[in-house]
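What follows is a group of structures, each given as structure tokens.
Same chain, two partners: chain A is paired with chain B first, then with chain C.
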Partner chain A sequence: MTRLRKLALAVVLLTGATAASAAAQDYSRLALIRDDVTRDVVRGLLGGAFSRGVPTEPLMAKALEGVAKKASTTKIRDAMNALEKRMRRAQDLLGKDASVDELAAGADALSVGVNEKTLARMRKAAPRRSIALELGVLTELVARGVGPSKASEMVLSLMGRNATGVQLTALSNDVQGDVAAGLNPEVALTLRGKGIMSLLPPPPSANTLQPRPK
Partner chain B sequence: MIPRKFACGCVVAVIALSPARSQSVHELRVEGGTAQIRQDGRTARNAGLVSALARAGDDHFAGLVSGAFTYAGDSMTAGQAIAALAWRPSMQSAWQTEGGVTGAAFGIYQLGRGGNVSSYLRQRLALPEGGFWVGGAAGHTTRDEISSHSTAVDVGLSVRLGDFETSFSWARVRSDDIKLLEAAGVFLLRDAPAHDFDDRTIALQYQRARVKLDVSKTWREGQRATLANQSALFASAEYTFTQRFSAVVAAGRQLADAVRGVPDVQVVSAALRMVLVPWRGLDEEGAGVIAYASVTPGAEGALLIVKVAAGESQRVQVAGTFSGWEPVPLKRTSEGWEARIVLGSGRYRLGVRVDEGPWRAPANLGKVRDEFGGTSGIIVVP
Partner chain C sequence: MIDETDELIQRAARSLKALPATNPLANARIIAAVRARRAQTPSRIVQVAQWMREPTLSAASAAFLAAAALVVGFVAGGALRTADGTSPEIAATTERPVPPGPAPALSAANTHGDVAVALLFEARNAKSVAVVGDFNNWDATSSPMKRFGSDGPWTTTVRAKPGRHVYAFLVDGTTVVADPRAPRARDLDYGGDASVLMVTTP
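Let's look at the complex of A and B:
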């Protein structure tokens, strides 16, 4: 076995061990579910997701949310199934190397009505770094009343100009303040977005983006 | 006759002054009840009382106005109004400045011979674990066309442990309201222009779920030419039936308050409290919960501050993906209910609930359907 193959095997084993460790952590949280029937259903769903290569952490969080909200076992099962489906779709759109955070954020974005193509465009715009924050801000903007297409265009434009995470979250917070003051969400987004754009350098000519400045 | 008039003012103070210590966002409530008032050497008297209180606030200011009216069968009546304002430099600041004015009329129906105006200013440090304050007050009382003046300075500190909060305070009072104080058993040993005395108070509050209990003990000691050696124990209990209705019962002795012209009396009272606003909360499901969340970015992660306007006797919790949806209790502050949670970078969902009710998204956050029939608020920390 060549040195390169040994290294590749070690990476695979380490990755597998990390995933198994995360799954084990989620299984240990099953004890927080007191109802036996619900716990068994959740355990089964986590096992199925794990075997399909879907991260279990967001699913466990969804189950605990359902328990906290006193949802029935059926509703918890349906919610977990729906989330797993969205995460698998997000994985298709964001690539196999997408992180757990990205998949969960992508699933959230899909749940509020963001177009699937947007996820693919965002990945294309930033293929070498996490876009979980951008997806989170996009979801937040839609949740605040901005139309999914309008919010998507703005986030993509800002990504194209290498906007920082702080700038993106500030945009969302500013829109929130404007909406609370009575402004139309999309008008608020346009105004605030222009404000941030004016602070950013011109878009790079290259197809791919530079690493986001700290 | 004068002590009779004083008695009515006392009951008004019991009902109306207690909420002035706290401000929350947009509330209007009314109270109605009955009381039995007794002074040393006099027959106990029955009285009816009604009051209304409104308060509103934002990130920097909180205001309160209230009015109360007391009626006894032989036309002994009293009216009182309070206006108070609190200010803080920022939403995250634990420091706040409070000030207010109170006005009262004694015997306004028939006897019509007295009134009081007082004001106060206080600087307060309000932390989730307790606080500290220093302040001063001044009052002017006119009774039977004789004017008197009183001043007071006070300092105090409070400590909160779980469901208990205890406070210790000291006040130095100077007053030339001779009639009021002599009726209360406070005398001058020699010729002097005014009474001087110290009040030391220890108060204990217990609050859990629908029940709130308050007990306070005050010791009064004369200074300089004043002879006073008194103590008073006062207790009250509030039970919240629903978000709309609660009942308050109180009993004990209240020492004369020269600054506000209130006499020394023993009181037993019972009142029903009804919250008119918020009739519906800002939340779309109309849960009656007004919650706000703010995120202040820091060097690493951010500080999430959740504030909820809910009754003092209610139990308020926040939960979210940051806690694995384990409920985190909010703590009672001078401004309502509050939780401060340090978050790392990431995306979070959260909700708040009152008295084990449904989880709701804070009003100012973006909301997403939670697939369980409700909503969650979402935040993103860079």
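Let's look at the complex of A and C:
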């Protein structure tokens, strides 16, 4: 066996072991589910997701959320199925290298009504770094009542201007505060967005972005 | 149109001017420490007079000044972020109704990029409280809260990655309660409200 083949085999084994370890960790949490029927349903759904290459950690969390909220087995099953579907779609849109955090954030964004094309545009705008924070800010803006298209354009514009994570989170928090104080969500987004834009340098000429400044 | 815009700008300015809530327990500790120090140190005039007579700088004083400079540097850094309107406010230990807002306090990130988030909850009659959320996989055993004093608020620190998180408090292992200090979002899967936490990059 050549050295290259040995290396490839080692990489495959290591990757498999890591994935199996993560899945085993999720399966060990099944013990937190007291109800036998629910536990069996959740185990089956996790196994199916794992075989389809979908990360099981967010699904296990969704199941435990349902248990904490005393949801029925049917509701837990439906919630897990819906999440897996959204995560698979997010995987298609964000790419196979997307992290678990990105997939979970992408699934959340889709759940509140963000357009699928927006996820693909966000990935294209930042192909080499995590966009979990940006997706979270987008989800939160829509959850506060900003229209998905308006929120998407603002987040994409800020990404195009290399806005920092701190600035994006501040935008989200400020809009939330404005809306709680009675301001129209989209007016709040426009005002706050302009404020942050005024602090940023002109957009870079390249299509792809640099790593987000800390 | 101009009047409307002016009104909006004024409302936005008012919200920007609003000071973050402070932690009354921390305030009490600081006031107590200052009072104790005042009681044992001479007045500033006496101190200056003493220093004028013997203008020396001991090694301990030099070390103290260096440490103070570092602290001032860190505080200034924090203040600069606050000036940008981006620094999180500190969770308050108050029983009065508090308007929703980014209540939890953040601290430094670890090597995995997780950010420490201090959470606080008032539940005088509770026997146990735990934080459950997507940052701890809704695992009630992973983030139990500790009571501050005999009947004070429940507190804990969790670690979360930058992004949007939903969470709740689990009281006595049975009742899920939303954080009264945090903004809420409709839970589309299980119904009810979830508390929202936005964690930023450190």
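Just a few scattered comments:
Note that in this section the second predicted complex is superposed on the first by the 205 of 214 C-alpha atoms of A that agree within 3 Å, B and C clash if a C-alpha of one lies under 4 Å from a C-alpha of the other, contacts with A are read in each partner's own complex, and residues count from 1 in each chain.
In the analysis below, a contact is a pair of C-beta atoms (placed from the backbone, for glycine too) under 8 Å apart; a residue touches a chain by one contact, two chains touch by 3 or more.
Not measured: the values here are computed from a predicted model.
With the C-alpha superposition on chain A as described, chain C and chain B clash in the combined arrangement.
In the superposition on chain A, the chain among chain B and chain C reaching more residues of chain A is C.
Legend: residue contacts after superposition of the two complexes on their common chain; A:Asp174 is shown touching chain C, with no touch to chain B.
By the touch criterion defined above, A:Arg88 lies against neither chain B nor chain C after alignment on the C-alpha atoms of chain A. Legend: residue contacts after superposition of the two complexes on their common chain; A:Glu65 is shown touching both chain B and chain C.
In the superposition on chain A, A:Gly165 makes contact with both chain B and chain C. Once chain A of one complex is fitted onto chain A of the other, the partner contacts of A:Thr139 extend to both chain B and chain C. Shared-chain residue A:Ala104: touches chain B and chain C both.
Among the candidate segments 74-82, 128-136, 146-154 or 254-262, the part of chain B whose C-alpha atoms clash with chain C in the superposed model is 128-136.
When the two complexes are laid over each other on chain A, chain A has residues 29, 32, 61-62, 64-69, 71, 75, 78-79, 82, 101, 104-105, 108, 111-112, 132-133, 136-137, 139-140, 143-144, 164-166, 168-169, 172-173, 176, 180 in contact with both chain B and chain C. Residues of chain B that touch chain A in their complex: 295, 297, 319, 321, 324-327, 345-347, 349, 351, 358-359, 364-374, 376, 378-382. Of all the residues in chain A, the ones that touch chain B in their complex are 29, 32, 61-62, 64-69, 71, 75-76, 78-79, 82, 101, 104-105, 108, 111-112, 132-133, 136-137, 139-144, 164-166, 168-169, 172-173, 176, 180.
Within the complex formed with chain A, the chain C residues making contact are 8-9, 11-12, 15, 81, 84-86, 99-102, 132, 134, 137-141, 161-165, 168, 170, 176, 183, 185-190, 192, 196, 198-202.
Across the complex, chain A meets chain C through its residues 29, 32, 57-58, 60-62, 64-71, 75, 78-79, 82-83, 101, 104-105, 108, 111-112, 132-133, 135-137, 139-140, 143-144, 164-170, 172-174, 176-178, 180-183, 187-188, 191-192, 199, 212, 214.
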